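Each structure below is given as C-alpha cells.
Look at the two complexes coming up: chain A is in both, with chain B in one and chain C in the other.
Take a look at the complex of A and B:
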C-alpha cells in the first residue's frame, strides 16, 4: 500500500488528476478496442488492438494508484466500473462514438499528442505517479509514432482519405483541448511538485506542436484554450451513455459477483 | 538458378540436402517427379513454397489453410462483441488480447495461403460470396458472458487438438505457423478455463449461466471435427497435410476435457456419453450431421449476419486500403 502524506486539499486534487487521466485512458481504450477484429487491414487490426491494451493497462495502473489515495477498500475495477455515467471524468474529446477510421486516427492523433504534453507536465512530487508516468511515456511514444504515420498518410493521400481526415479533425477540434483543461486544485499540485507546469502551458506547447505537424500538410485547425475547466470533463454525451451501458452490462447483471 | 532455400542457413544440413534432391528434379518426366514427391512427403519430408509440387497438393493445402484462415477471421466476431462488455479490467485486457491473437493468426495463415498463389483480397471475396467456408462453431450466437469462457476453453481446446497435429504438416510454412498458433491457443485455453472456473465457483446465477452455455455449445463442439471418415480415402492424410482423422481428434478431445468439465460439477447434455473401457473409446449420441451441413453452408443461426457484417465493414474501410496503396502525394 502506497502511503500518501499530503494536505487534504492536495490529496483531493491528486485524486481528481488521477481519475481524469485514468478515465481518459479507459475510455479511449474502449473506443480503440472496438476496432479489434474489424480494422481496415489485418496488420493494422493487430496494431490498434495493442494500443488499446496499452491504454487499458495504463488505466488499470492509474486506478490502482487512485485506490491507494482513496484507501477506502475500492479496488481498480470498482473505481473503473461501479460509477454512474455522470461520475466519469474523461475529456470531451473522448465522448465521440467510434466513427470511421478517419475519426479514429484524428482522435488518436489529437489525444496522443495532447496526452504526451500532459505526461511531460507531471513531476516526481508523488514518486509512485512519477515512476508510473515514466513507464507510460515509454509506451505512449509508439502511439504517437503510429498516429503521426497515419495522419501523414491520410493527409497526403488526397481525395476521399484526406477529405475524411480533415473533416474528422475539424469535428474533434472544439473538444480536443479539453484533455489539457486546467485541473481542479492545480495550485496545490504545482506546489507539491506533482505538476511541473500549469496545464495552460502544456496546452500552448501542444497547440504549437500540432500546428507544426498539420500546417506543412496544408491543414489549419482552430484549437482554443478550454474556457471552462469543469465543463471539459462533465456533461457527457449520449454516445458515452451508450458505451457505459455496454461496458457495465455484465457487471450489473449480478452485482457483487466475482467475475 | 540457385534455389534460395538451398542456401537457407536455418534449415539443418540434412534437410537442405533433401531439398536439393527434390527441387532439382526439373528435367525428370512428370510421373517420375511425382513419385519423388510422394516418397518425400510420405517419408515425413517437408514441402517449401518454391519446391515443385503437384497441382492437386497445392490446391489441397491452399483449401485447408484458407479455411483455417477464414475460421480465425470469422471466429473473431462472436467474441469481439464481448470485449466491450468484459466485466473487469483484467478480463477486458485478456479478451482483447485473445481476439487480437485470432486476428494475428488469420494474418499469418492468409500469408501462407497467399504464397500458394491466391491473393488475400480474392480470399476475402470468396469468403463473403460463400464460395469458401469457415468452421461451424463460428456460425452461432454468443448470448452471455459464460459463452466467452466456454468458447475460449472448449472451442479452443477442440481446435488445439487438431492444430497440435498440424505442427507436423508436410507443408513447411503451415507447420511452422502452427507452432506459434498452438502456443497462443494454449494461453487462450487457460484464460477460458479461468473464466469458467470463476463462474463455476460463483453465484447461482453465474453457475446457471455457465451450464446453459455449455448445454448450448456441446452439440456444435461434438460436430466440430466432422463425421467419421475413411482414413485410406482421405488425401489430406495421405499427403500428411493433416495427421489425424475427425474421430481420432474427437476422441482425444473427449478424453482430455470430459473429466475436467465434470470435475467442475457441470453436466453434459448427452446421456449416452461414456467411456467404453473394452473398446478403449468414447461412446456418444450421434452428433447432428444435418445441422453441421446446414451450418457450414452458411445457413447457421448467425452465418448471414456475420458475413454481412464483414461485407459492410470491408466496404466501409475500402477507402483506407485505397489510400494506403496509393502513391503518396505532396502536401496541398
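Take a look at the complex of A and C:
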C-alpha cells in the first residue's frame, strides 16, 4: 500500500481531511439509500439508489486511503462501522433525517454543489488522493446535473412543490456551509499541495454559484461562513444517532464476521 | 539450475491479454474487460503475473468478482497472479474499443456518446430521448426510442 512521507502534523491533517470527506459521502449515501423503493417515481427510485451506491463507493475508496495513512491494521469497513456516533466527522448538513422529497432534493442540491467546490480544491500533493479525486469528479458531475434539474423543476412548479422546496432550503441553509468548514491543519495541507486553496475560498465560490442558480428562480438564501471543522463536524443530532443504529446494525449483530 | 525445465508453458503479455479477452464484464457479459478498456498494464515475470485494472466506477461492486475471475482465468499459466485496481489513470468511456462498442450495440446497449449522437441499438433511429441519467447499474442510463417504441439502456459518458 501507499507509503505516506509527510511530517506528522501534515499526516494528522490529511487523516482528518480524509475522514471528513469519507464520512460525508458515507452518511449521505446511507441517508439517500433510504429512498430505495419509496421515491416518488420509478426513475427516481433508480436514480437515488444509483447515486447512493456511487457515494458509498467513494466513501470506501476514501476510507481505504485513510487506512493507509493510519497504517494500524484497521481496514475500510472497520473505519466505516466500528465507531461510536460521536466519532463521526460528517458535516452538520447531513445530520437531518430523511424528511420529504423536497428536503432530500434540497440537501442533495446544497451538498452536491458544495462537494464540487471542495473537490475542486484538492491538489495532487498526495498523488493517491489526487488520482482518486480526478476519478470521483467525473462521477459527481452526474449528481450535480441531477440535483440542478430537480431544483429547477421544484422551484418552477409553483404551489406546494415550490413551497416545500423553499422551506427545505431555508431549514438547511444554516447547516449547508458546514461542508466547507476550514479543516484542522489547513496551513499544512496547503503547504503540501494537498489543498490548492483555503476552504474559505471554496466557500465564497460556492455561495456565489448557489446565488447564481437560485436568484433567477426567485429564491434568496442566507449562507453564512461556517465555523471551523472542529465545531461544524461534531455534536451530531438524534436523527444521526438513529441512522447510525441502522447502518451499523448488521455489523454489530455478528462482530468480526466475513460477509 | 534445472528450475527452468520445470516452468510451465511460456507466457507473455500477449498471451495474458488474449486470455483476458475471455473475461466478461459480469454486468454486461457481451463485452470483455479488455474491450471495456479496463486492462491498463500486464507484467509477466518468472514468478508471478501482475495485472493492473482500472475500475469503470469507483464504487463498482463487480470489482472483487472480476479480480477472482481474472485469477482463475490465468491459473493455467502456472504462476500466481496479482490483480490490482488503481486510479493512476482514470478510466473513461472512450477507452472502450471499436469491437467493444459493436458488441454493446449488438447486446442492446447504446455505446457511450453525446446525448444528441445516441442511436437506438435496436433500429438505429436517432429519435431517442434520455429518460434518466441513472440506470440499473452505475455505468448505464435509461433511454426511449420513439422510432421502434422500445426502452433501451446506454453507457454513460464518463
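General observations
Simple rule for what comes next: the second predicted complex is superposed on the first by the 257 of 259 C-alpha atoms of A that agree within 3 Å, B and C clash if a C-alpha of one lies under 4 Å from a C-alpha of the other, contacts with A are read in each partner's own complex, and residues count from 1 in each chain.
What we mean here is this: a residue touches a chain if its C-beta (ideal position, glycine included) is under 8 Å from a C-beta of that chain, and two chains touch if they have at least 3 such contacts.
Predicted model, so just to flag it, every value in this text is computed and none were measured.
Using the contact criterion defined above for the overlaid structures, shared-chain residue A:131 touches chain C, although it does not reach chain B. In the superposed pair of complexes, A:51 makes contact with chain C only, with no contact to chain B.
With both complexes placed on chain A, chain A has more residues touched by B than by the other of chain B and chain C.
Once the two complexes are overlaid on the shared chain, A:34 sits against chain B while remaining clear of chain C. In the superposed model, A:142 lies in contact with chain C only, and not with chain B.
In the superposed model, A:160 lies in contact with chain B only, and not with chain C. Applying the stated contact rule after C-alpha superposition, one finds that A:101 touches chain B and leaves chain C untouched.
When the shared chain is aligned, chain B and chain C each come close enough to touch A:43. On chain A, the patch touched by chain B and the patch touched by chain C overlap at residues 43, 46, 50, 53, 56-57, 60.
Of all the residues in chain A, the ones that touch chain B in their complex are 30, 33-34, 36-43, 45-46, 49-50, 52-53, 56-57, 59-60, 63, 76-77, 80-81, 100-101, 153-162, 164, 216-218, 243, 246-247, 249-251, 253-254, 256-259. By the touch criterion given at the top, residues 57-61, 86-88, 90-92, 131-138, 142, 156, 158 of chain C touch chain A in their complex.
Every residue of chain B that touches chain A in the complex is listed here, in rising order: 76-77, 80, 82-93, 96-97, 99-100, 102-104, 106-107, 110, 145, 198, 201-203, 205-206, 313, 316-317, 319-324, 326, 328-332. Against chain C, the residues of chain A that register as touching in their complex are 43, 46-47, 50-51, 53-58, 60-61, 128, 131-132, 134-136, 138-139, 142, 145-146.
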